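Structures given as structure tokens follow.
Look at the two complexes coming up: chain A is in both, with chain B in one and chain C in the other.
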Partner chain A sequence: MTLLANILIDGIAYGMVLFIISVGLSITLGLMRFVNLAHGAFAMTGGYLAAWLVGAQGWPFGWGLLAAVVLTGLLGAVLEALVLRRLYRRSELEQVLFTIGLTFLFVATANLLAGPEVQLIPLPAWLKTPVDLGIRTLPAQRLLVIAAGLAVLALSALVLGRSRFGIWLRATVDNTGAAAALGIPVKWVYAATFGVGAALAGLGGILGAELMPLEPYYPIKYLVLVLVVVAVGGMGSITGSAVAALALGTIETASKYLASDWGSLFFFLSMALFLAWRPQGLLVARRA
Partner chain B sequence: MTSLSLHAPPLWRQVLPYAALLGLALLIYFVFPDQLPMAARIAALAIFVMSLDLVVGYGGLATLGHSAMYGVGAYAAGLLATHLTGNPLLGLLAGACAGAVLALLSGLFLLRYEGLTFLMLTIAISQIAQNLASKLRQWTGGDDGLSGFTIQKILGLASFDLQGRVAFVYCFAVMFICLWLMRRLMASPFGLACVGIHQNRQRMAALGTRIRWQLLKLYTIAGAFAGISGALAAQVAQIVGLDSLGFELSAEALVMLVLGGAGNLWGALVGTVVFASIHHWASTLNPYHWLFIIGGMLVTMVLVPRERWGQALSRRLQLFRRAAAPSGASS
Partner chain C sequence: MGMKMNWLGAALAVVGMAGAAQAQSVKVGIIAPFSGPFAHYGALMKAGAEAYVASQGGKLAGQNIEFVWRDEGGPNPANTRTLAQELVVKDKVDYIGGIVFSPNASAVAPVIQESKTPMVIFNAATSDITTKSDYYIRTSYTLWQVTVPAAQHAAKKGYKRVVTAVSDYAPGIDAETAFKAEFSKLGGQVTESIRMPVRTTDFAPFAQRIKASGAQAVYVFLPGGPPNLGFVKAYQENGLRQAGIEFLGTAETDEFDLQKFGDSALGLTTLFHYSGARDSAANKAFVAAVNKQNKEAIINYATVGAWDGMHVIHKMIEATGGKRDGDKAMAAAKTLKWESPRGPVSIDPVTRHITQNVYLRVVEKGQGGLLINKEVQTFPAQVDHGLTK
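Moving on to the complex of A and B:
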């Protein structure tokens, strides 16, 4: 019983981190049809910035986190406006190659600036204190991760469903040309969406630093994980990504607890099964 | 992407590139004998990149899991030498069979999907293979790798020497034959059908081509060649590691392929040689700084497409343009 609770709590926390990181990728893939393998690099950037601001500069955790997330978002928006925008019309293979190259550049830069060691984000006292849930005590940090995941899910659903920006975004996803003809600032929507996606990846990188340690190879190591979540969840489907992230996160955690010597076998096996069952995404019915 | 001409070029122009390649090999053998071990590795790797070219360049299937077939071929050759016989040619055969069987079985499942789903599933297949190899430690040696097998004399004539002379001749000969076979294959009606599928699936389906069957054939053949490449590398290095199944190998091979130009087997060969040479030269650097180079190469290659380089080059060398003009039926 305790084992089951452990698996569930850790799995959900892990899944929430995966979800927060992959939301942005899911939207860019759905919106711009842009295969961005450099998405994990934004998560790493957020984590590194937070580690630098909180650790070396001595900022309070909350402010450091906020600044790191905003800066990562800005970096994403600038990159989109300057370079990535030119690649939307290119073939899938070219996008894959470019963003792999970009990832390598991020890895090398991270090593150049901070060295090959694992970066730690010092947690404030209120996040280290264990919280008693009745079944088990767990660090407040886990609770923060789960809460943040739920908040991102709720907020993005609200923004997409209710706000003016959400309407623009959905219109642009459905038909960019028509949306532009109707006066929607399509380019601005692209840059803003990309920036928000990068910022969320940064948030995920910071919150998940305990589960996915920050090191220069971070973007390559966790790239596949994030891509799997997006592919299984369905491109552009936020709820799909959440379901996929929670399911895969729990499966990965369970296999770590129960069958650690099999590595990530069950993770990829379940991914293959999910994709075979619903190639368009978990919540999308197969197109006829 | 691939230029097709209905009229076969004259014989001397068909033979010329092979002769040049042979000349290059002789040059390396006699003038740079201390580079032979590296040249042997490059030759083995080139087969892998060419087999990737069949899938990516000709078939138009973006894959990041091609190393699965390479690794399986390498393990097959290593296991054969450990448990049954050290005959090198039988080892190559075992590698080819293992690669082809894995490609056939995974292709039956993979080729039902397209685009990103296909890409992700190829990654999944190679990751599953890698995790299995890591788990089956009593067979594969797990993290330590499979080693301690010996390879018999090649054709009963010569055994591997320390200077790597025999290894180079062996690898180069196998690569030469594989290159010739693949070139012949892709110039056949089957190869043209694959290029057609790449260019327009609907039209080829309307013309009566059985798309999935042709692609499955292509994928299986490419798997066999990838298996040969893995087996060859395993025999020369006499060790097989888990990284031979890994994601990084697939990604690097893709870089080499695009560097030289996909959809043309000579391009795959050139790309492998260029990439491996830069890697060799940069191996004295910090491995992280190496990532600056390869990352920079990738980014520039996409931003400044190879066609534009080619055009600039051919404008300089009028000769090339003249030669290309008559056969101008390019896609």
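Moving on to the complex of A and C:
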């Protein structure tokens, strides 16, 4: 019984970390259909900025986090407007090659500016203290990640489903020409959406740093993990990403408790099974 | 008149050439990672090796030293073997040093055996490498060498039940085997052997398992960097220390990562052959020499491995008068004994591995609030227990 509770608690905590580091990609790759393998680079940028602002500049954690997320979003929007925009009509292979190249650029820059060591974002005392859950304790930071994940989920559902911007975005992605003809500012919609995707990537980099420490090779190391979450969750479905992240996180955690000798076998096996069962994503029924 | 001048010029040229031949330098090829995720190892080894030569006045045994640096990258045996071949055939080096990864170190065996080129391993820590050629010498450590004292320490503290938690790859399994062998010999019991997937990022489940096992200590092996930080965090956050489960590690609190742990590292126990904070005259001289060479270099086992490796090469050059004679150089190396920054050391003539003290260390706050590995107990003159059982 304790074991089951442990698996669920650690599984949900880990799954939420997976969700928070993937949610940015489920916007840029999923919603915008842009093969954005530089997602990890934006996540790292957010993390490094927060580490620098909070660690070296002594900003309070909350403000440092906010500033780092906003700056990463701006960087994403600027890059989209200047460079990435030209790639939408190119083939997927060209998008892959370009964004991987961009990733290497970020890796080298991080190495040059901050060196090869792991960078830490100092946590305030209230996030360091373990919280008593009755049967065991959980670090407060993990609870913050769970709360942030739920908040992102609710906000994105609201914005995409209910707001004018959400309608514009869906129209723009489905048919850019028609959307532009209807007076939707498509360029602005793309730049803003990419910026939001980058900002969420940055948020994931910061909040996920407790489990995935920041270092120059961060963007490459965790790329497979986030791609799996988005692929299993389904392109463009943020709720799908959340469900996939929680399911995969719980499976991975259970295998660590019960069968760690098998490594990550169950994680990837379940990915394969999920994809075979629902190729379009967990929440999308198979199309005939 | 013109003829005479030409004669004189020719004679001078001949004399000049002879002089040049005499002052020809000894070439040392160093293979280490200088690019990619492991580049810091290369930088530290370079700092250690260059600092050693500088500390000897720029010459070793009266010979100029010419370093030839080659990039090992990451674990890539075929590539390393090619690099060694090029060093021997094209650059005509007299000695080879370096190598971080064990498979890479093993791969150069045929090259050094055939060309009789002494190779001083600065890091690669798998026991059996030195058995693969007669021209290997090692100035780092092996997992068995530091793990056997860890098991002895656990037994001496009266622990009966210990859990091992290692990263699931060759060195981790080596470490697990070493600990189990020695601990059970001393009457203890390894109640659970947890192997953690190499790509693990969330260590909380393992920490919970260790806590639930009712063990008195956990012997840990993790590769440096993120996994290390992740495990120690999980160890603290899940209250293993409060539960009285002692952390027994080896290289986990290495100086390269140490400051990143913050206060969560305080009190961690490790058994290792070198601490940058060692209080000895030889170590202070070493630290000063490296800092002079490269201000940013971190003083750790990679730096000291290169420093002592260059000492061995120094003595081999001395024994051969700077001429290329692999056998004579090796014969001299096997009898070496000296005071290293890590304490008294010698080369074991049979295994050609370094015999050295292993220290029980506790992480403490040193000067200026920086974390240090404080040596609290010595296990003197440890051989490579992997080969000498």
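Simple rule for what comes next: the second predicted complex is superposed on the first by the 285 of 288 C-alpha atoms of A that agree within 3 Å, B and C clash if a C-alpha of one lies under 4 Å from a C-alpha of the other, contacts with A are read in each partner's own complex, and residues count from 1 in each chain.
Just so it is clear, contacts are C-beta pairs under 8 Å (C-beta built on N, C-alpha and C of every residue); 3 or more make two chains touch, one makes a residue touch a chain.
The shown structure was predicted, so the numbers you read here are calculated from the model rather than taken from an experiment.
Of the two partner chains, chain B is the only one that A:227 touches; chain C does not reach it. In the superposition on chain A, A:17 makes contact with chain C only, not with chain B. Using the contact criterion defined above for the overlaid structures, shared-chain residue A:137 touches chain C, although it does not reach chain B.
When the two complexes are overlaid on their common chain A, residue A:271 makes contact with chain B while staying clear of chain C. Contacts of A:216 after superposition: both chain B and chain C are touched.
Of the two partner chains, chain B is the only one touched by A:108; chain C is not. Applying the stated contact rule after C-alpha superposition, one finds that A:235 touches chain B and leaves chain C untouched.
Which of chain B and chain C touches more residues of chain A: that partner is B. When both complexes are aligned on chain A by C-alpha atoms, chain A residues 111, 116, 216, 261, 263-264 touch chain B in the first and chain C in the second. Within the complex formed with chain A, the residues of chain B that make contact are 56, 62, 64, 109, 112-113, 115-117, 119-121, 123-125, 127-128, 131-132, 134-135, 247-248, 251, 254-255, 258, 262, 286, 288-289, 291-292, 294-299, 301-303. Those residues of chain A that touch chain C in the complex are listed here as 2, 6-7, 10, 13-14, 17, 111, 115-118, 120, 122, 130, 136-137, 139, 210-213, 215-217, 222, 252-253, 256-257, 260-261, 263-264. Across the complex, chain B is touched by residues 29, 35, 83, 86-87, 90, 92-94, 96-98, 100-105, 107-108, 111-112, 116, 216, 220, 224, 227-228, 231, 235, 261-265, 268-269, 271-272, 275-276, 279-280 of chain A. Within the complex formed with chain A, the residues of chain C that make contact are 37, 39-40, 168, 194-202, 204-206, 208-209, 212, 225-226, 229-230, 233, 237-239, 256-257, 260, 262.
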